[in-house]
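Two complexes come next, and they have one chain in common, chain A, joined by chain B in the first and chain C in the second.
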Partner chain A sequence: MSTAITVPEDLWEGDNEGVITAWLVEEGSQVNQGDLVAEVMVEKAQYEIEAPAAGTLTITKQEDEVVAKGTTIASLDA
Partner chain B sequence: MTTTSTTSSSRKLTIARAMAEATAHEMRKDPSVFVMGEDVGPLGGVFGNTRGLHDEFGSERVRDTPISETAFIGAAVGAASDGMRPIVELMFVDFFGVCMDAIYNMMAKNTYFAGGNVKVPMVLMTSTGGGYSDGGQHSQCLYATFAHLPGMKVVVPSNAYDAKGLMTAAIRDDNPVVFMYHKSLQGMGWLGTEKGATVATPEESYTVEIGKAAVARQGRDLTLVSLGAGVHHCLRAAKTLGEEGVDVEVVDLRSLVPLDRETVRASVAKTGRLIVVDEDYHSYGVSGEIIASVVEHDTTCLKAAPRRVAYPDIPIPFAPTMEQWALPNADKIVDAFHQMMSN
Partner chain C sequence: MNVPLTTTETTFPSLRRMSVEEGLRAEQSLLEEVCEGESDKRILAWQPSDRALVMPRRHARLAGFPDARERLEEAGWPIQFRGSGGTPVPQSPGVVNLALAVRCRVGSSAAHLEWGYHRLGDPWCGWLAELGVASADLGPAPGAYCDGRFNVRIGGRKLVGTAQRWRRVQGCRDMALLVHGAMQVEGNPAELVAVVNDFQAAIDDPQRFQAASHIALCDVLPDLDLEGTIPGLLKRLMTSKDVAPA
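Here is the complex of A and B:
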């Protein structure tokens, strides 16, 4: 089963776009639900993205790529 | 850090998180460790390196200070001399001017003045470097300024693994340690993002010995010596030169005081060629010290005159094109090697 990692709609206020500043887990590695996987920066503030499920990570939005709320940034295959 | 943790064995950290994790670990273990500085509290540091600490340890042990570096660095020296282990932040190293008496007449010399009877176990952490157009009073490295003055250890990590281990070692050290972290390596997007600095970092506590360089890449034809962000420029240049068939070794100094001259000399003895890369100013600096450390020891190992790729002796320009022109980068390192071989 594949679960998308998306930017949560309530991660920051307003509809500004953000940028992925860091992936904190290697592509292809196994992560657990709730693991901190990435950081997104919006207007000089950083926000954390956690894994919504366990699985093997496939990154689709790399560091420095622009993201909005709801953007899929990776998938988890269990 | 903060409320979440990653349990995966492939967990990576930014340098900012690595510094905070090392600090939190030592604070849990040792009640004499505390943090002081501008915006280190609820904000978590403007460069992210105290994130989560205020939540866990509260306002007594993670203390926001007024904008008076003279006062709070002086207070840290007093606290350290009286048995505490303060970690104090000078937000931008460029601001050292106002508080240098506390740093180099008190922090660095009190142990000597007291005949060894007073220890000053404190960490002065401070941000370095530019590249994001913050002007000449927010963009310097000033590595050599601090490394030049006796009485302080000086460390400059290039990646999160070393940052965590060096921070733990710095907090446990009975001497004052200046922990200089480059803004572009912090994983804070607006300061430029150097992906190579965010690396696999163990959750458990460990130390990286202060005073030991690392060979970041092994090679036989050329030695590149650098520190902090410069290491990543060197690794890119090494890749480019590798495509030309040049086998490049990269030495990451990690510490300036003590300086691991042996690792540098051993590398140049093997390759015969040396280029030093430093984002600090060209003259009277780290690059000259490294070259002198090699040639005063042995000139016969050199196949070419050493070179340096350093910051020109000018104030840091604000204009983006002018600042980028002045900064060291991989292309300049490759060019320096080509010039070395054409002479």
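Here is the complex of A and C:
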């Protein structure tokens, strides 16, 4: 089963886009639900992205890519 | 040991002096304490006892970073990383840092990055006005290093740089905000600007920053008793309302 990691719609208010500033877990790593996996920056504010489920990480949006809220940035395969 | 203020305390201790590494770690622990429910609000004021050029970790991916790090280290400015956003900022004994961690409800007007910047910056401007600096406001300072929309400015020049980090609180819809401000209080801004420009040169980035876009507190309040007045700023930050008007 695959679970998408998306930039949560309620992570920040407004329509600003963010930038993926860091993946904190390497491609192919096993993560647990709630693990901090990435950081997205909007206007000098860093937002933490957590794993919504346990699984093996496949990154689809790389560091320095611009992302909107709701964008899928990775998936987790259990 | 770092002992941040809590909302239940009635006195407001002044500055703590610690290394940049210790200060950054202490700020991070404020966010963790708010997330863990130990308090809904924490604050810390600290002044570095050493020097460092502090930046988000993503800068380590720059092609020229290893050489730049070595060059800055040799010049007495070791590079350290911080958890908030933005670009390189020099930390030295001439800088005072304030960090405020607040728990917010997602979907409320409080959970908004603009609110977070005003939550720190508006009391800061009020404190400056109380000291007689009536022209302080929030806004950009073109030409300044680590510029943003919410610097605390005096006459359009950057006095305080601000940045944030947000974390979701486990098990609920709350968010925890760490908002940070770094204010140059002593020395010539040109000296700190030169450090950032040295880094820019070392990573082969053509952008250069201007000393005229910065101002230090000593430029406008040369006789200020900083130790005696910082508690007033802390009090303003701790007692401001945490829900912005709709």
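Operating definition for what follows: the second predicted complex is superposed on the first by the 78 of 78 C-alpha atoms of A that agree within 3 Å, B and C clash if a C-alpha of one lies under 4 Å from a C-alpha of the other, contacts with A are read in each partner's own complex, and residues count from 1 in each chain.
Convention: contacts are C-beta pairs under 8 Å (C-beta built on N, C-alpha and C of every residue); 3 or more make two chains touch, one makes a residue touch a chain.
Everything quoted here is computed from the prediction, not taken from an experiment.
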item	value
Combined model on chain A: chain C and chain B, fit or clash	clash
Partner chain in contact with A:Glu48 - chain B first, chain C second, else both or neither	both
Touching partner for A:Thr21 - first (chain B), second (chain C), both, neither	both
First, second, both or neither for A:Trp12, with chain B first and chain C second	second
Partner chain(s) touched by A:Met1 [first = chain B, second = chain C, both, neither]	neither
Touched partner set for A:Glu63, first chain B, second chain C, both or neither	both
Which of chain B and chain C A:Val31 touches, first, second, both or neither	first
Against chain B, colliding segment of chain C, chosen among 111-119, 129-137, 147-155 or 201-209	201-209
Intersection of chain A interface sets (partners chain B, chain C)	21-22, 34, 41, 44, 46, 48, 50, 63-64
Complex contact set, residues of chain B against chain A	2, 4-14, 17, 48, 187-190, 193, 195, 198, 200
Chain C contact footprint on chain A (complex, rising order)	10-14, 21-22, 34, 41-48, 50, 63-64
Of chain A, residues touching chain B in the complex	19, 21-26, 29-32, 34-37, 39, 41, 44, 46, 48, 50, 63-64
In the complex with chain A, residue positions of chain C that touch it	56-58, 61, 83-86, 106-107, 111-114, 116, 146, 148-150, 162-168, 170, 173
